[in-house]
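Report on the structure given below.
Read from first to last, the chains carry the letters A, B, C and D; within each, the first residue is number 1.
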Amino acid sequence: MNVGFIGLGNMGLPMARNLLKAGHAITVYNRTRERAESLRAEGANLAAEPAHACGGDVLITMLADDRAVNDVVYGGRLIPKLAPGTVHISMSTISVALAQELSDAHAKAGKHFISAPVFGRPDAAEAAKLAVVAAGPAGDITKCQPLFEAIGQRTFVVGNEAPKANVVKLAGNFLIASVIESLGEAYALLRKSGVEPAQFLEVMTSTLFAAPVYRTYGNLIAKEQFEPAAFKLPLGLKDVSLVLAAAGDARAPMPIASLVRDHLLAAIARNGDELDWSSLARVSAENAGLK
Amino acid sequence: MNVGFIGLGNMGLPMARNLLKAGHAITVYNRTRERAESLRAEGANLAAEPAHACGGDVLITMLADDRAVNDVVYGGRLIPKLAPGTVHISMSTISVALAQELSDAHAKAGKHFISAPVFGRPDAAEAAKLAVVAAGPAGDITKCQPLFEAIGQRTFVVGNEAPKANVVKLAGNFLIASVIESLGEAYALLRKSGVEPAQFLEVMTSTLFAAPVYRTYGNLIAKEQFEPAAFKLPLGLKDVSLVLAAAGDARAPMPIASLVRDHLLAAIARNGDELDWSSLARVSAENAGLK
Amino acid sequence: MNVGFIGLGNMGLPMARNLLKAGHAITVYNRTRERAESLRAEGANLAAEPAHACGGDVLITMLADDRAVNDVVYGGRLIPKLAPGTVHISMSTISVALAQELSDAHAKAGKHFISAPVFGRPDAAEAAKLAVVAAGPAGDITKCQPLFEAIGQRTFVVGNEAPKANVVKLAGNFLIASVIESLGEAYALLRKSGVEPAQFLEVMTSTLFAAPVYRTYGNLIAKEQFEPAAFKLPLGLKDVSLVLAAAGDARAPMPIASLVRDHLLAAIARNGDELDWSSLARVSAENAGLK
Amino acid sequence: MNVGFIGLGNMGLPMARNLLKAGHAITVYNRTRERAESLRAEGANLAAEPAHACGGDVLITMLADDRAVNDVVYGGRLIPKLAPGTVHISMSTISVALAQELSDAHAKAGKHFISAPVFGRPDAAEAAKLAVVAAGPAGDITKCQPLFEAIGQRTFVVGNEAPKANVVKLAGNFLIASVIESLGEAYALLRKSGVEPAQFLEVMTSTLFAAPVYRTYGNLIAKEQFEPAAFKLPLGLKDVSLVLAAAGDARAPMPIASLVRDHLLAAIARNGDELDWSSLARVSAENAGLK
């Protein structure tokens, strides 16, 4: 397929590369041109501005946050520039409210829009092992399926209203944040009681908790290996804030999300912006007087 | 081996049965005699009082809570009645403080004591698929290993101080409670946003969260199937209270545990004592105005 | 003085009236014209659009929220229309971030801007008993002092950077919300223990807690008198959300604010939008199974 | 009257002294004899053991916690030693459950028992300005009224079941703890936003919050004057734990109490046992990265 791709960050770059590898024709745009240049040698076309990426079968946007999406889509007046059949796939982790607004704006302009945020850290993006959560009109999703297969190992379709994929993505990130927070609290108790967290982790992940999320974060936290960051604290704060915004709009209290936000703020206030968001667990350690 | 077994509740009865099946000689005692009678046909001896179960290679106590253990051990003046070589295995889920006290009291009296609480619900106890977490003097644990193998599928040794097994058990129960609470909050958001929890659960358990604890509780909560209870709300409250007591003694704040306790209280206040503790999730649904 | 006044809501209308009574010449604007008409008989001039209120000694804006202020100030391109010496007093309860932005924008345009939010419910506005918290350049505040005296009983100057008044206002509203929440929790315990809240309230307000905030809210909650609302739940939610936004920007975790937000969401989800925000306390009662 | 007085701590000693000053005949007992000796010169009789204080018109116990009360009352087999007409006034801050148990045990033995805990710090005890909250049979309370007048400035009678006074006392302490926590959070926001807490405090205590509890704690916290301690952190932790125990028994969730407990644990874990419990506010400052 002929694919426009806007946003070559830690996630976007390997995703675009995997589309190239799968044989698709890619036109990329990135605010910082150097990152786009790196893909030219691998066969990508470079767009001088976002609008030049809007004429293919599909336009993928993979941007940092609501502000970046607003800048590109509304600042760049992108919707009217989409070709009649082009499907705009929003893969960014954005607010449910913005996804709804984009969905409405595309529909009003007679354009095609689906949401397809992904689960996975940059290493999963490189290995084309992301999980894709897609929602939107069935025909549009079917059309995009080959792209999802090129970047992910599994696609989940959660309905024909685009914003529902964003709700699922945010609820999933909330679960991950809950795991980090709960491990942090458990480890603080264990350490102050003279038990090695790694020993505890082995018990848990051999039985009820035999899941990648516990192995990955459980090990990072046990080793207090918070650098280099795969996903920095402020990004975690952004995601949890999106969860809370969705919860506020839906009138659904989520007290663990509130607690995690408060601990992320403490983590940043005390230890700066640069650590991985697994260092959320350090707040519980510090609150217990450890270190 | 020759084993005394005190406490034939939902967990103790199938555990004692599995010891019998494995060929051990069992002398059982239960406050309510009927439950003990049911094992006589299968080959168990019945003790008329707890002290009569104290003369074998091993004495196992598997009781409901600190109070029951205090009643049997101190009320029954059990420690002095243990034979010199008998190892007392405390498998009950009790406070770290009581485990420490028991450990000290046995040592002072020249008796053998280890802690070996288990993970698993009654169906796992019947299937001899419990996970045993043992701590205490290495020689005593080695001696008891055949018993652990008869009731569980795996034994984890976490040190030579008995109370450490209790810390691990409580921290593990805390993780489970955190999973229930976080699923309850996520489902409330999803339901109020028009997404089926079951759909979300499939996404999560196919990827990062592919663990029994999410499948089991995720399904129970998605189906709101809170009866019959495998583990009632007040038992959950007991366990979380033990976590908080340990956290208090260790000076390690555990805010998710505090939150879970508050929600368990609300669950009981609103919906009574009889539901499974997975109905903790219903509090989040009700707080979102659902149902 | 010659005063423009935009925003004649529950608070703005009695404030404008008190300025008239004090002898100032007032030109009013309100989106819904009827409310402005009601002041004409009392001597106010009516502005056909916001810009017509910008030419006097002072322009007061007293609007519902950030959105309304943005609409009037930026949507109406108000800043360039201010006369050179006109002081714009923003009395609305708005975000610290917007107050900062307004302060910067006025400074850049060579215009005068101060923040002066008020404490007090509509009855205090009518009685000219508001407390005014002002911040901004000293000269501008001095100039406005007669106006503050006409609407309030006391003015507090908290520095020469306008947004600091907004921080103080939000922190104050947070304290009030904390009082409501804590009374709700205490009353739930008392009621379930068979003690009348009113009896408890008398003890507390006769001693350490002899303050209007405890008398007012303590009585409303004891009587469960949540209608008619002086300040509805969604307004409380708006204010607590502003507190949390300021706390987020400042990297200062405020867990009671997080908790209050969650309980306000529950209050609205369960009991609708119309009750007074003191009905936040009902959430604690319901969580205890009361009623 | 002829009064026995057991427990001469920071509060008990000045209370006993004020009874002496008011002309009552006092027989005192204290575990550490030196503190009792100091009262002998002022006219008190010394009891060699608790039982010797049980024969007068009234026995007052003013002890540190449940354990101390249990030791004295049950360990010392005090109830049977009370003279037939002696009224036992329990003024200690103890659990509702223990108050209930004591009330039942005295009734069963045909003895007189009332609860009369007090509000006030040691300086108020010295100045005879405590607030007394009394509950129990009306006749017994009337009999004791002259004693309450000698130690306090006001007595509140909250019913004829003794434990209700304990509920009121604990709910009151909870309100104080909520004030400290909310001030700590507000100050953290203010300080990180460049506003002096003292300035904020003046605004608040001049208006809605014109109460001693805000002036006292607001000033201590603004000055970060946490030593010498009038009421140390572990005592605060004890009281909040009693609140949570009562809330648990009553099935009434109190999330601010849970939060305060967690912050008190953090305060002790980080800063030790010696600071005044107003240093609870320091946790919010530290969580915001201050100092």
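Methods note: a residue touches a chain if its C-beta (ideal position, glycine included) is under 8 Å from a C-beta of that chain, and two chains touch if they have at least 3 such contacts.
Since the structure is predicted, the reported quantities are computational estimates derived from the model, not experimental observations.
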**Asked** Which neighbours does subunit C have in common with subunit D?
**Response** A, B
**Longest centre-to-centre distance from subunit C, chain (CA-based)** = B
**Message:** For the interfaces B-D and A-D, which has the higher count of C-beta pairs in contact?
**Reply:** B-D
**Message:** Counting residue numbers used by both copies over all numbers at the interface, does the subunit A-subunit C contact come out same (over half shared) or different (under half)?
**Reply:** same
**Message:** On a C-alpha centroid basis, what's the spacing between subunit A and subunit D, in Å?
**Reply:** 52
**Item:** Approximate Å spacing (C-alpha centroids) for the pair subunit B, subunit D
**Value:** 38
**Request:** Two or more other chains in contact with one residue: find those residues in subunit A.
**Result:** 247, 251-255, 259, 262, 265-266, 269, 287-289
**Item:** subunit B residues within the subunit D interface of the complex
**Value:** 237, 241, 247-248, 251-255, 258-259, 261-263, 265-266, 268-269
**Request:** Note which residues of subunit A are touching subunit D in the complex, please.
**Result:** 262, 265-266, 269-270, 283, 286-289
**Prompt:** subunit C touches which residues of subunit D in the complex?
**Reply:** 96, 119, 131, 133, 154, 156, 158-159, 161, 163-164, 167-168, 170-172, 174-176, 178-179, 181-183, 185-186, 188-195, 199-200, 202-204, 206-214, 243, 246-247, 250-257, 259, 284, 287-289
